[in-house]
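Residue numbering begins at 1 within each chain, and the chains themselves are lettered A, B, C and D in the order written.
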């Protein structure tokens, strides 16, 4: 009897032969999903600001333009595992309170005076700040000052979707109650101290705003201590003070400084990543493609694609990836070339 | 200007409005992927044994019939995140050595005398044994005794695929070298002792065979200590002795005893799970569907679907799920109804 | 003005110069406290049994002969940090229930049929078993069978005394209630499984009897896997299944097999230790002193004194020390010579 | 035969009856060792400065006046487990490089411009700074500016002595090499970031200067967030960013603010503690004794003695104790009265 006939006989039993699929199910090396791409902020910015003409923050719930990987149209994904978008809030607006199992990061791009309220505390946002909205915490955004305010949203939407643990709840009020003074979390958890007896009840950092002023000062100090890593530059990760781990449980968040005229060696790792220009200019090369980077530009690099970074001036890059999830699950690999 | 026109203008920039997709991207509750289903071993068994007539273990590399979720045809998935298959090895055969980033569990269904060799040690397999092949360890299977040997393979193939960290390497020889005596890992790591100074270099348990004889004795002891949990029965998890965590980093492995005539209350959790009958008979109900369970039957329950278990006789069920991954990432939820 | 006059003027202020004491307060190397010594069980045994003629277990609360370091007379210490004693219980007796912050280990020397009841569960004790009484758990001992029963008690009395956290409470009844069947803890926590959702509320292992039968089988398996460590022999530690750490928070408990005719190389570590012969014969040499070891003999070795072990026949030695406390505090050192 | 005769017969065997000692060895409650005491800095200061007339920093190795508990004369102990002293360094002096297993903390009392060099980095010290010298790291102190500089030294000398792991090594040079720029550790480990891939090789915090400016700002923020704890005030602990634990492995270091006119409720814990006034005035009451506190005053409170704190003005108190050691060993207890 032929194999094909056998396969057809077992199909109604919801069985299939592994041996015809083994090599594709368990391949020798990963094939990147999605492509590398750059969004030049100067090109995007007019469209982002124009969004305010089309919809209010209240109506939109979140007025965000999704950055979608050119090879994954319709997926709302910047990589197979990550979501990215640019959020705009205008003076006087409120993006109403809700909570969800998805974790969100905000990396502030431009403007000042807007706040995000997380778990009862408002934090003011300034360019370069890294802000966390932990899973299942009430949050809303507002803007009491002047001028447009734009930030990058990074979420683990594809990961929660993959695992099927997607819950959302809308707050009965537009704004959740503010019960703690601004700056409380940073004082309480992010100043080299922790309250005696406090234990974290979350996998996210209790510090939810890492101000750029302090981050920038730390990066500057590193440049005085010695040569940057040949493949990574001066690369730091945001940290959860409760345990010294990554600041968020699903998305690794990092910031690096590549000194002027330095060029990194080719490097790849199994995590897909999103880069954001913060200061300085340079180029990120992925394979044959070179992407110029100026402040606020966004570049996506799929996992296991080698890249180099060249700095024209001291170049500061924020990045986020699924590395922390891969590390916890035992999947993360890197290769220095 | 109409919104639609705006959407069309931003599309070439690889941008899309979040507000038209928000409710589906961040839904109120998860929608199960795949359906609940039972594979009756008595029906499958003839097809499994027949596989030996169609292909050898050597040619197949692994002679396995995939159990595919009826709602996910062609996906090689039993749930959105898990793979399951029944592997057959015949006397004298060898399934050749390879390694891969995917972690594998074996739950032994029938037969005796076959072995799996993991990381230099052969372990003999007997029905009810739970055997681990950790990520990236050389392994092959062989059978020096008589009669067919069948076990359930559970792998995290969809999870590694999702994260894009899929690596495989074939061993240059059919069999990897055996360098440690049989039983060494269980003596060294699974007897209430650990070698002084030893540190685990893996996220997987160093014990790679949890013999059913010991497991069964423990389950029996629990029945003497008091009433089972109303929703779970007497539910135990296999443990990594290096840290007290789950035995594997991506798949939670559990075994339970539901005493004769006991019926559990409705329970659901966000992890999708695969159940295997070990001893006794009963019924697993998922929503309106009731699945009779006899030894070796396999039932899949998608995440967030409530189920109950009723035992006609003392019912022992093995199960595996993605709960450990969900816990690490902050996604896991349960609900007792 | 002379320094001496200055010292006298500051003394009433409860101040003293560091510089006259620095070298002794912060010495170059530790000076062992106490001496090495052997207690031959054949010599002790008649005295231990005679104790039953002088006092009952009830009157004594615990009928124990303290093994006191010859250089620390009156201290009740076998080393500066550890206590040791031999406890006797006769058929029909009960050593009444109490609890204390001190943790206790029992290593069973001879007899059968006596039990210790810890936290609501009675465990029967057999020679070679390692039994734990965690800090602040109710416990009593009893003997329902025949013949005298003797075990070694090891406690952290000097450590609790040093830190000043010494609390004791006597139970209102002679026997605390037994609420769990014998064997429950071993089934529940010591069989490669743990109850799903269980979290330890203690720094001690939830397994409180490590039966010698299983331990001995593991040691035997190790002898087949390769050569013993040149300095340690086949050395294993008892493990807390909740976290993979030492079984007890203040006392490290270990068991080793030195194969027949094997002699270890000189080794020292900063922890003071107590050795107990279990099986076989040999010699433990400390500096110039050689101590013959036969079953049940007890040898104390102060910290940082080098020793070797020579086995005439397969020699099994139990030992306990303050190594776990030293490791947690950052003090532990070893030197292989 | 009388019991006494029996005791005499077993004494040569180095055995003693437990039952005559049990109640004192395992007491119902701890008896504090040492007494509560206050050192008024205004009284001590002239003696501290006078030390410079009697000996140089080089000759003294460390020019320190030990603060000795009035009930433990000759012990060099401020409590049974802790050491304290006031160290003076004058302009142009160097306290030569050495290292030891003892861990040291410095809490800066007065002066400016002196530095401590730890593990290749010099840190300048200012009043209120908390500085760590981890176990076994090379360190020396120097003073390149003007005026006397005084700080409190806290060490775990009694603990290392008790465990017998006391090692010291003098550096061949007066000053160990400085290889990293000032501020490097704080930038690298204490700014909410950690270097990617870095793993701590120590139980001590990699941050070795916690500047008072940042600490004070955090304390101030806490006063805005709500009422202080009724027994503790606003109590914070210095944290190791590598794991979120205490900054040092043997000594718990804390700082608190008690708001003006606030009085804490009676509280005791099993750890003995040393308090140092930083800002403001108030009173610390231990039992019947009341100790006025002004800046730089030092008060010792033995373990398990209840105390209250009353603040006349916003009162900032630094304290250190053996709590972290007690927690790790399972001994720590507290009682709110």
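Methods note: a residue touches a chain if its C-beta (ideal position, glycine included) is under 8 Å from a C-beta of that chain, and two chains touch if they have at least 3 such contacts.
These numbers come from a predicted model, not from an experiment.
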For subunit C and subunit D, chains touching each: none
Farthest chain relative to subunit B (centres taken as mean CA coordinates): D
When subunit A is superposed on subunit B by its C-alpha atoms, the rotation angle in degrees, nearest 5: 180
Centre-to-centre distance between subunit B and subunit A (centres being mean Cα positions), rounded to whole Å: 31
Distance between the centres, which are taken as Cα means, of subunit C and subunit B, whole angstrom: 41
Whole-Å gap separating subunit A and subunit C, where each centre is the average of the chain's CA atoms: 52
Residues on subunit A engaged by subunit D in the complex (per definition of touch): 180-181, 183-184, 186-188, 190-196, 200, 207, 210, 214-215, 217-222, 224-225, 232, 235-244, 254-255
Touching residues on subunit B, where the partner in the complex is subunit A: 1, 3, 6, 9-10, 13-19, 21-22, 25-33, 37, 39, 43-44, 47, 50-51, 53-55, 59-70, 76, 80-81, 83, 85-86, 100-103, 135, 156-157, 159-169, 202-204, 249-250, 270-272, 302-304, 322, 325-326, 328-333
